[in-house]
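Got a structure here, written out as structure tokens. Questions coming.
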């Protein structure tokens, strides 16, 4: 039976750390569904369309990775697409405390759901989307923190 | 292709938390190899034979779980048995800091190795082998922290 | 002499974890005053009236728990109602760092004040008000994270 | 009804931080029982007799504090002396992780038991018995980390 | 060669803890440049002018401390003023996780940059600018958390 | 005036992370004294002589780094050699909690002492002496975790 995991996040934007988690997830799962969360009440730096476009470009040659968007609770997405594994990366112990709470709440709401964690590689452990947005806001160059195939200038908010 | 993970530990003794990680690991992997680490220089409370016997009893009806022992580095075991996934449970942020260091060192020594983490369920988050040994040393009853199929008195050190 | 503690919080909304802390606080104190903080500059999900109504409903049969609201610093409330014990629950180490800072600042501002902490029970350790609001915002059902006597639909913001 | 708490520890030796927790505990409880744990299998720096003598000297003028010794599990002591409150101090988040595990295990073994935590004052947050033993081993002067009424030289191991 | 460090922050407002870090930094560096970050998109409680005025008053008799403002990335400031050492204080482990991420990103963007950390003294470990703003918002008196030479009322937002 | 820092540790053995801290320390201090702590009561894997020989080999071409040994409290060493700056590396938040306690105790015992921390680089954040000893005990090859100039086989315990 094909083993599938969903990799949910806001990915605003998708970082080199996210890319590494998704690719390494493929050594465990047969297919990874990158699911970009959309929240009508929350402002994002990149639009949903831009976020989807970036991730699709990163994985354009990887048929085992699918990119979708969703709105609402992650467990509702899991029920809808019938996937019980949630893939997430862990960088720091602050991350861990947050992910544990989310993972436990998800399991309480949908017992079959299993959160599966991989470690970010050490050189990516300080990279997150907030850092990249901050560099962009100050007109710096964040390209070393982004997937190599991405030229962020093509996707910048107008 | 069959997906296999090794679940290494000293398991002195195997707890209800370990049991939960191994069983839930079977929703991700086709087969789990529980590998009991043996260290000639380190005293254990239960002998290697007792530890193996306890775990084999727990999983006697689960053909997808195999129980072995090993000596030396976990990455050497991975090379020898040709398994690249290491399964581990995470309970607390102290756990996480330790596991991250071990996981990063393992990856530095054997690039193909991937550490995969599951969360212990909340009601097991305070259970560990040290607690159980401490209760046993004080003649208390640790059975609620042990797999249900185990009567620890049958395995006690003479 | 009657021993009284104040249990302050924004309680937006009051969770099953808060309920457990207040009730267990009654084994230590003779009376608990649940004090709902009101901040004119900060938007809450539930109005102050709704938050008070929920907590009063939870403890309607518990004469030793009183429910009040307050505005301003918690130490000012302590001075005003002449209560020196502040009861708080601890879930995670992130919680702890935050609570320690608050507790130390409170003590620096009012030396007689003593912060008293109880542990949340493991199965509630991932529950907080933010999680519940998030579930409500996505039209999910948070009832397992709320006190049993509460039907949250009766209190929903219009 | 008199409210009593047990304050258990190995107290090897009793520090200025322990003294502060016990004294502040008296604002919450009517009586504190300082219980010095004895473990025949574990070497201590100060003998059980010395540890008891130090603590009794510290509280010689405080009739509401009683000093006892015990062997075995703390929950067994609680059952025996019919005290359900366990008082402990919290210094750091590492402390917290450890205390939470102990507190949850204690509650799992004896449901009536409640662990109650106070914060150490900031200037004592780095003081622990290990530090004091280390200073003594190197012939340094740890008196600023000890209760003021104690001249540690009178209690030194021969 | 003169050794210089930049001490960057938003300092909204400058606390007694910040003052201690800057002064102790002078035992390591010959000169400290306190650099107040200005962010046009982020509301501050005190205006940039007020923040600069407060810090300049604190160090009016300390010629080795210079006070400047800057906009943009800290590494860009370092390049511009040709200073490679960034001085920061560490209070808690939550602080540490944050500072490590910032420090690693800074080093990734400008290899010559070195982040140098001092510990806040224990009695200041709970003090931060947020606490002070909160006290001010509630009309409390934060003077014990501010540098002694500052009368905050002279600098209050109108 | 020459600025000097002592870099104390047991260095059993000296790792690539230690090497990085000492070298980067030279951008802040004019001279670094690597001080190998010797404890007659504590067994080490490498003898004091071997530990000193390894570090001296690493820095044989760096005249600004001196290597010494000492016994007793680090603050006593500071007094004796008249150096008030202690250099230490920070890897994880567990490290931080430990280092903060040590740093605060040192400052309490010798007010002039200042602990100065640098971050380990991300790729070294999981490396410590225990890991290296563990690899050696299991006949693995730890050379990637050691300074490049060191062939550990020349220094192995007989």
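First chain written, first letter: the chains are A, B, C, D, E and F, and each begins at residue 1.
Assume a residue touches a chain if its C-beta (ideal position, glycine included) is under 8 Å from a C-beta of that chain, and two chains touch if they have at least 3 such contacts.
None of these values were measured; they are calculated from a predicted model.
Peer 1: Between chain B and chain E, which partner chains are common?
Peer 2: Both chain B and chain E are touched by A, C, D, F, going by the contact rule given at the top.
Peer 1: Minimal path length between chain D and chain F through chains that touch?
Peer 2: Counted as steps through touching chains, the separation is 1.
Peer 1: Measuring between Cα centroids, what's the chain most distant from chain E?
Peer 2: In terms of C-alpha centroids, the chain at the greatest distance from chain E is B.
Peer 1: Same or different interface residues for chain A and chain F, judged by whether over half of the residue numbers are used by both?
Peer 2: At the contact between chain A and chain F, which are copies of one sequence, the residues are largely the same (over half shared).
Peer 1: If over half the contact pairs have to be identical by residue number, which pair among D-F, A-F or A-B is the repeat of E-F?
Peer 2: It is A-B that reproduces the contact pattern of E-F.
Peer 1: For the chain pairs B-D and D-E, which is connected through the larger number of C-beta pairs in contact?
Peer 2: More contacting C-beta pairs are found at B-D.
Peer 1: Can you work out the whole-Å distance between the CA centroids of chain C and chain E?
Peer 2: One centre to the other, that is 34 Å.
Peer 1: Using Cα averages as centroids, what's the distance between chain A and chain D in whole Å?
Peer 2: Here chain A and chain D have centroids separated by 47 Å.
Peer 1: Where the centres are mean C-alpha positions, what is the separation of chain B from chain C, in Å?
Peer 2: 39
Peer 1: Where in chain E do residues touch at least two different other chains?
Peer 2: Residues 92-94, 97, 100, 103-104, 122, 125-126.
Peer 1: Each pair of chains that touch: what are they?
Peer 2: Pairs flagged as touching, ordered by label: A-B, A-C, A-E, A-F, B-C, B-D, B-F, C-D, C-E, D-E, D-F, E-F.
Peer 1: For chain E, which residues count as touching chain A in their complex?
Peer 2: Per the stated touch rule, the residues are 41, 71-73, 75-76, 93-94, 97-98, 100-105, 108-109.
Peer 1: Name, in rising order, each residue of chain A that touches chain E in their complex.
Peer 2: 92-94, 125-128, 131, 134-135, 137-140, 144-145
Peer 1: Taking the touch rule as given, give the residues of chain A at its contact with chain B in the complex, in rising order.
Peer 2: Touch list, chain A to chain B: 3, 24, 27-29, 84-85, 90, 93, 96-97, 100, 103-104, 107, 114-119, 121-122.
Peer 1: In the complex formed with chain E, which residues of chain D make contact?
Peer 2: Touching chain E from chain D are residues 92-93, 122-123, 125-126.
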